[in-house]
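Chain naming follows the written order as A, B, C and D, and within any one chain the residues start at number 1.
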Amino acid sequence: MFEFGEDKPKEECGVFGIYAPDQEVARLTYYGLYALQHRGQESAGIAVSNGLSINVHKGMGLVSEVFSDSIVEGLKGKMAIGHVRYSTTGSSLLANAQPLVVHYQKGMMALAHNGNLTNASDLREELGKNGAVFQTTVDSEVIINLITRYRRESLEDALVKTMMDLRGAYALVILAEDKLFGIRDPLGVRPLCIGKLGSWYCLASESCALDTIGAEFVRDVEPGEIVVIDKEGLHSRRGLNKTKRACCAFEYIYFARPDSTMDQLNIAESRRQMGIELAHECPIEADLVIAVPDSGTASALGYATALGIPFGEGLIKNRYVGRTFIQPTQAMREVAVRLKLNANASVLKDKRVVMIDDSIVRGTTSSKLVEMVKKAGAKEVHFLISSPPVAYPCFYGIDTAEREKLIANQLDVDGIRQYVGADSLHYISEEGLLRALGTEAVCLACFNGAYPIPVSSLNRGKSNFESHNSCG
Amino acid sequence: MFEFGEDKPKEECGVFGIYAPDQEVARLTYYGLYALQHRGQESAGIAVSNGLSINVHKGMGLVSEVFSDSIVEGLKGKMAIGHVRYSTTGSSLLANAQPLVVHYQKGMMALAHNGNLTNASDLREELGKNGAVFQTTVDSEVIINLITRYRRESLEDALVKTMMDLRGAYALVILAEDKLFGIRDPLGVRPLCIGKLGSWYCLASESCALDTIGAEFVRDVEPGEIVVIDKEGLHSRRGLNKTKRACCAFEYIYFARPDSTMDQLNIAESRRQMGIELAHECPIEADLVIAVPDSGTASALGYATALGIPFGEGLIKNRYVGRTFIQPTQAMREVAVRLKLNANASVLKDKRVVMIDDSIVRGTTSSKLVEMVKKAGAKEVHFLISSPPVAYPCFYGIDTAEREKLIANQLDVDGIRQYVGADSLHYISEEGLLRALGTEAVCLACFNGAYPIPVSSLNRGKSNFESHNSCG
Amino acid sequence: MFEFGEDKPKEECGVFGIYAPDQEVARLTYYGLYALQHRGQESAGIAVSNGLSINVHKGMGLVSEVFSDSIVEGLKGKMAIGHVRYSTTGSSLLANAQPLVVHYQKGMMALAHNGNLTNASDLREELGKNGAVFQTTVDSEVIINLITRYRRESLEDALVKTMMDLRGAYALVILAEDKLFGIRDPLGVRPLCIGKLGSWYCLASESCALDTIGAEFVRDVEPGEIVVIDKEGLHSRRGLNKTKRACCAFEYIYFARPDSTMDQLNIAESRRQMGIELAHECPIEADLVIAVPDSGTASALGYATALGIPFGEGLIKNRYVGRTFIQPTQAMREVAVRLKLNANASVLKDKRVVMIDDSIVRGTTSSKLVEMVKKAGAKEVHFLISSPPVAYPCFYGIDTAEREKLIANQLDVDGIRQYVGADSLHYISEEGLLRALGTEAVCLACFNGAYPIPVSSLNRGKSNFESHNSCG
Amino acid sequence: MFEFGEDKPKEECGVFGIYAPDQEVARLTYYGLYALQHRGQESAGIAVSNGLSINVHKGMGLVSEVFSDSIVEGLKGKMAIGHVRYSTTGSSLLANAQPLVVHYQKGMMALAHNGNLTNASDLREELGKNGAVFQTTVDSEVIINLITRYRRESLEDALVKTMMDLRGAYALVILAEDKLFGIRDPLGVRPLCIGKLGSWYCLASESCALDTIGAEFVRDVEPGEIVVIDKEGLHSRRGLNKTKRACCAFEYIYFARPDSTMDQLNIAESRRQMGIELAHECPIEADLVIAVPDSGTASALGYATALGIPFGEGLIKNRYVGRTFIQPTQAMREVAVRLKLNANASVLKDKRVVMIDDSIVRGTTSSKLVEMVKKAGAKEVHFLISSPPVAYPCFYGIDTAEREKLIANQLDVDGIRQYVGADSLHYISEEGLLRALGTEAVCLACFNGAYPIPVSSLNRGKSNFESHNSCG
């Protein structure tokens, strides 16, 4: 079996939380996770608390596969958290599915994590010295053991102390002691926002999940902030001082849903601006602008409009591509790409084409797309990318691929152009990307290696695609 | 469980066939069906012949669910046919999955059908009088019994005689006697085209399946034509005189994949032309054009370009919507639509919006979309439809809904406008549609009731959504 | 995967039928099939008629796997038939599951068959000449086509004429025209009996199914008889003259459940008598009698009692042996037998042992059992078999193995003794078996080759284990 | 769905362990668990160690359902442990499946437990005070946390200290530090024995598992003993002084397989002796002795032989009874018992019958069996039980039922006789049972309430059927 999307960044997660005693919280969490499904398709889970005990259901697969009506019906409570995890190869274990639920001295606790700790190995070693036993390889288990280490403190104080121990990227939702907590790391690498449903509050990785359940967007959780939600409503506690905000640029470029608004920037609008910046940086005399669907569409529309070139659906996506299919034999290897995307010759024939994609990771798919568009009759193919070259691994929760496999780590731009077979190739500049986003408070480490959070040498050896820990 | 897309026409099927002794024909058929998956998700099947005997594997679900590598591996032969069937409620039975394979006096035969016979009941009765026994309710079984009734003739002659018996819409692929046959009804209501892979030939409902396996498009099968493919290559036999061509307009409007070209018209291009026609018929002073994705996108782009109004992604589709999900309770009923589509307020806010969709069948989803766009801040919503009002049931293989449930059968255009809550509503005219298609040789019966093939009174009582026979 | 029981005869089936308008007929049929599960584990099916139309549900696997409460709940009607089919390798196809349900000129009909026609190929050819098309390879389809060929007659007359066409062994249950029919071939090779539940009648392959649903045993269906059950009650119609009764001896020896009574003989009692006959034919001076459980137990108890030798559980069966398990590697090949049966050394040590089994087909398991019992400390192992040597294939519905693989076809008794490693080996004589059964009206063809029904040369080439047709 | 066997004690488990670097340890463990399947059908798991890291696969269901060839193939290592768990209602959670595998300061450890701790709640509380977090409700997690608390000691010393903390019944197999450990509680309530395969050692709950993999029985693990198995072979370490041995009497009466030998007593032989003791205590003038199969058979044979009364198969078990089936409606409630067991009237008619069963827990099934035997024509039914009345709950790993539901807790023997409808009823005496076993070193707490291990008041409130902890 062959997995699609292998040439795109992955290993993200999505989290959701809600406190709403008079609502069906598990059902609302189910719909919230359904809206966040693009952030992870490996496993899904929902934990529900009635204030005393916590029930959980987790499974491998899509939200719609893991949960049935009767399972959701059986998860009764007044507050809930949920989690979706990205599909990775090999290490997809049910034991690593979240939320993680534990019994500890003060009762029960459930936790779900999006991000990646950069000092997880150090923390595991230290906790182990003090007698901790671990049953999984996910960061959530480390975080929970830290929290319970401070069990003599109030839970809020314990969370503050835990944040002082943690290094890395994390957006956390926690169920405990009749309260729902939302926490975001001091740089705000991973997103988390607050919604209001009637008089109750909820939390989600992206605002599209709030829209889906009919909740009103309130605001983003601040970097370093602890949000406490209970029957009194919502109050905020500073966990760590926010230093410099560094939201993940790839959320805007590729991950997040276009209809989400994240740290005040709408995703679709950001992508359109990237297209406009590309138009400024690289105005090409062409007959047609096409996108690599779906993530390149907004940028392509921005580019086309900015330069007054017609936009057309030159590449068509098969809407029924599943997660796996029977692998083509060597003789049929081109079929693999064409099962997902097909070039529409009627649109492309004899045209000078600008093709816009969000990123190039390994370059294998890109070269096949350029070839396909040329075979369909395009006279020229100019390939524009709405992100700078990805040359460094991410340690904060995204699996870009191992460094050696990143084409931008092996070749310069002209070398990549030759490899993919395009007539010209242009990446947006870092400045252009920042202009499109209208802020400099973003993490660009995968483009320039300037890691805003220290990565311990122990952990540096293995970026998340190796440790399989990236989702908490 | 709630099924998506319930407010769109359905009950189509897709067929594929290939003759290629030195190729893995089952694997190629698998990929061909994968490309045709949008034409039917209820069941899938592949039959393979080695010239003497025929093996078949069929199952409920998507092509990728029904077939594993080892199943495809086990289907050895030199020619194959395949079928995908649309998901309908209730009558989804494995017994009705195709291809249908039989033993008869001269050996084995396999047949797959897209379309709907209008005299099936009459034919069943007549065959029954002569001793035929039926194990399914699909038209394919009727057709096979007709063919074998003429077993004293050559198979080609038997096929010609069978076509004389049949009334209705049919695109057939048949495996028998070391030959692959492709047949299209005399009006050409259902599509079927011919491809060439190396020195071998194949058949498919849509050209996108040819692209996917790397075959070259040769031509469409002509209405009334019998195409015979064997080791000598391809030859054509006239089955019935073609009278007046009447390809199904809904293939262009909604069903077919944008990258397919059908009877010389590219689907994406046709849809763009519908948008341009709408711009001529109904130019609206607006700030933004949006589409109901995905089928409305091409028309919306045509409309936007024609009038110079910006196109934006105002409605965002959840790319992970599965075929079923847990039904929202009454209190959450708006969630059902928002799980599939969400309005992007950042794009819509304070805009006068033109929203373009391909059709309105019952109107229930449309009214929710208009409301959603308005709630997201649109000042005005003008709703444009790239098909005329659907007021008559289809008897030729499409399930539009029962006549009483067709909103255009109950209300006039202004009534519908009020029902869906739009500031204005405009359907493309029949003339506009024909102009966009550049031909008058299409079936418009579901718009104007002018049925090009007689429907027997026995069958008229029940259109295909009742008989569940529409796919062969 | 390795299948257990590969060294025993197989390929039997079981049928059940009930007419009881005020009862839940599908549920009663489910329980009836549950009691007949030992007759077939490959597939199960139930067809229910309301007098006008027939619904059917069939699937691969055990009755408890194929049917859920809601499926049974959905099968409403006033009469029903059911079928279980034995697990064979390779050709286990859902298409071959029964009952077979058809539409024909006069309405619908459902049929289930236990047995094997010996002229099926001839009949298929003849029917094919008259235009019949076949979708399966089971005899039931041939029988139904014969019945409908006589559709101008009354159904009862059509059944009589059909019986004249049929050669071979058959116990049939048929649903049609508001009536339930039960038919048994003129020799009565396959069993079928009649029960009464309140004022309604039912039919079953074995009386244990009547006990299970709480029905009272009425009588066996006579060889050549047609039993008609409807709202008037039960009446009998002679189909064919009964010639000489020839019930299958293996039903008594191995197949049937000990608590069934068949043609007036209780199975457990018959087996006990076989043990007593063995004691007369071959009284051995031994310390212990053991059985190969479970089918050898009754004979072993009879033998032990007759000679006053203690009976002990020397071989213990694993009660949780499933149908498949992970095949041992070559190095572990002895594990395969020990997973199913283990010798209890505490019972066997230093004993002179008589071990009784019902039959030896290929001898492979027998040799391992003798070795196991010896390893466990038995001083001597005398192996007694409650059937004569199986030296001829069965053409009437039992898969004994291909003739070449029958050890009794390759070796004489002493050769077999050496092969299995026993100190002595004794098979019951044909006379002894007949004495034990108290009748000569049984089919002994697999022992002596005296086939009571002619087998056409066309069919003789392939006994049922090759044609996969044996279950109807 | 209705679960069979609801009227028998349950909630046992089985464990297996092997150290054999040059063997396929996972495959051998699979076969070992297959032989122990009768001890638990809820879940199964195998953990394999290569000396550094441990891999585990666990799942719900039978061993043959949880493991495929490729899964076993993937579990490479030089030592392994395995576990099967009984099916209970409701709390059957994958999270509670064993072996439990953890990472701790010194590496990895895996543990599987058969038995029940009586101070688990106290230990959890104490460990929680020291910061432990728990992810399951099984005792294994408590035991592992205790072991790692002593991580500054050598592992053997830590195991000794852990045993000092534990109260209750436990047979443990542990993988850690390149060693395999076997531990048995100081009373030896739960069984554990040692086998030798070539030059390597293995451990199993019952000796039948050793036979199955071809290992030679060495000896039982002594109460209070720690057995250490590694590349040097096997050595023993005293964990706790053995006080008074108190093996569970129900292992002999019902649980263990007849071919197992446990603490020097063969199970089949023990049961035969119980029948002989019953014959001494209660010699009845009868025509026939029958057993409630399968567990009553050995006792019935002992009884019949002792008194010279014929033994017959009066009750026949359906060999294909699955774990669940469609529940009969109220009107058909007798069907439930008859699906499992049927009376053979030919054997029973006009007989004075002695029926022997191993135990009566709630009495509901017994009353139906007596009725069934009488309906089949028995003139008298004398009911003999090879265990004393079960009047007290078990806290050491067996689920006998809640105390209130134990019929012997509600009624005296004559009351029970009336309830079940027998002509006479006799339970074996405690003395008779001890005579049959030939030892007084057994736990009889469920008969006489003399609990050999203190049960804390906290735990006494809930016997294991409530805490769902009984399997470790």
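Just so it is clear, contacts are C-beta pairs under 8 Å (C-beta built on N, C-alpha and C of every residue); 3 or more make two chains touch, one makes a residue touch a chain.
A quick map from chain label to UniProt name: A, B, C, D = Amidophosphoribosyltransferase.
Because the structure is predicted, anything quoted here is derived from the model rather than measured.
**Student:** Copies chain A and chain B touch; is their interface built from the same residue numbers (over half shared) or different ones?
**Tutor:** same
**Student:** Calculate how many whole Å lie between the centre of chain B and the centre of chain D, each centre taken as the average of the chain's C-alpha atoms.
**Tutor:** 60
**Student:** Please compute the C-alpha centroid of chain A, do the same for chain B, then give the distance between them in whole Å.
**Tutor:** 36
**Student:** From the mean C-alpha coordinate of chain A to that of chain D, what's the distance rounded to whole Å?
**Tutor:** 49
**Student:** Could you list each pair of chains that touch, in label order?
**Tutor:** Result of the pairwise touch check is A-B, A-D, B-C, C-D.
**Student:** Under the touch definition given earlier, write down the residues of chain B that touch chain C in their complex.
**Tutor:** Of all residues in chain B, those touching chain C are 94, 100-105, 124, 128-135, 144-145, 148-149, 151.
**Student:** Quick one: in the complex, what on chain C touches chain D?
**Tutor:** 1, 24, 27-28, 30-31, 34-35, 37-38, 41, 62-65, 67-69, 72, 208, 211-214, 257-259, 261, 266, 268-269, 272, 294, 297-298, 301, 305, 310-313, 316, 318-320, 322, 324-329, 332, 334-335, 338-339, 342-347
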